Amino acid sequence: MTERKKTTIVLFSGDYDKVMAAYIIANGAAAYDHEVTIFHTFWGLNALRKDEEIKAEKSFIEKMFGKMMPRGANKLGLSKMNMAGMGPKMIKDVIKKHNALPLPQLIEMAQEQDIKLVACTMTMDLLGLKQEELLDDVELAGVAAYLADAEDGNVNLFI
Amino acid sequence: MTERKKTTIVLFSGDYDKVMAAYIIANGAAAYDHEVTIFHTFWGLNALRKDEEIKAEKSFIEKMFGKMMPRGANKLGLSKMNMAGMGPKMIKDVIKKHNALPLPQLIEMAQEQDIKLVACTMTMDLLGLKQEELLDDVELAGVAAYLADAEDGNVNLFI
Amino acid sequence: MTERKKTTIVLFSGDYDKVMAAYIIANGAAAYDHEVTIFHTFWGLNALRKDEEIKAEKSFIEKMFGKMMPRGANKLGLSKMNMAGMGPKMIKDVIKKHNALPLPQLIEMAQEQDIKLVACTMTMDLLGLKQEELLDDVELAGVAAYLADAEDGNVNLFI
């Protein structure tokens, strides 16, 4: 019996283009029968936020972070040429024109392909994000769980 | 017979300093007899653009991307302290002073060392870049080819 | 006899949040008995600078870099929402509130856990940083030493 190959991505970035790259690699790897995990930490957690406003007990500073950070994959900015939101609009236009998948659909596909989506508990605490603000079926875990996945992995990336 | 070790880099960034780091690691790995691939995607494609303006059939939005993105390795900005182009000038000055190789020469060296330079077809489409705008001897491929290289690699990086 | 697993991180970034992520992964890996190396290059070198001003022979351009770059882990900015220094203050506040470790303590812990902290000689030259400006017990090495660590590593990341 041969073991399945493993792809494990730390998704630190919350930029539309980088998150897109992460999910394209992840979905590709899952299609090639890799066991795939995306470990969302820091700004990468924003890709997992629900689109709507969720009521949650928060301190003042947590509320500020909550307001300032984009709520969900569709609201993320670009790492380059963001141009006050015009860049993301341009990218979404060309994605549509080329019949490529926009980010929210890439994330849905990842869930359908059983890619394990993990949210880093430590940075959720720091940024004041609560589980009910994140997409369903996201697992919560810490750096130990990440290392357990990564240490016998084939493709390990930090994005 | 022992197999050659493999270094596979996804070059997502189009910042002079990050591209430089990628090519220094890649050239070093090739010197140690690794089989090396650099998979250029998103802004990393700009490092492969020819210096001159190339005529190509483009839509309006593709022309805009083409105009706004830097044309080739020598035109890239810095990820930090870009200071409207003064940063890159300073870096290039110190590179010269220390007899280190500037980026265009690092890319030439990579080609001489048979490092496989790949351009991601999906993001070429999105950004409207055509093969004739890129350096010669660049291969075109998609995420499947990247994974085939990366999954039995030794050093996998996302830059 | 089983060999220890290896985690090798290229720390290119000098952003407080990214450096923090690097040191959290590194300290976690060391706790799981990995042999861990952090190879600091470009802006990542700033995390290793001493807090005080160190006298050193420098050219004009080296002095400029020295002045403009942050002096040590506590002075670094954020990769996102830096807001002229308010972002780092907010992050440090929540770190304190959650009894998490701020960056200077994470670096101390790394040294106590015998994580190998390496400074890239080539980029020290380029940015004009001298050994006496860096923390004690930092090793100086080049890309060849990095590759020797990385090529038989388990977790290789570029941050």
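When the chains are written out, they are named A, B and C in that same order, and each has its own residue count from 1.
Just so we're on the same page, a residue touches a chain if its C-beta (ideal position, glycine included) is under 8 Å from a C-beta of that chain, and two chains touch if they have at least 3 such contacts.
Bear in mind the structure is a predicted one, so any value in this text is a computation, not a measurement.
If the chains shown are joined wherever they touch, the resulting network links each chain directly to all the rest.
Chain B and chain C touch with mostly distinct residues; of the residue numbers seen at this interface, under half occur in both copies.
With each centre defined as the average position of its C-alpha atoms, the distance from chain B to chain C rounds to 25 Å.
Those residues of chain A in touch with two or more other chains are numbered 156-158. By the touch rule above, chain A contacts chain C in their complex via residues 10, 12, 14, 41-43, 59, 61-62, 64-65, 68-69, 122, 125-128, 143-144, 146-147, 150-153, 156-158. By the touch criterion given at the top, residues 5, 7, 17-18, 21, 24-25, 28-29, 32, 34, 79-81, 90-91, 93-95, 97-98, 100, 154-159 of chain B touch chain C in their complex.
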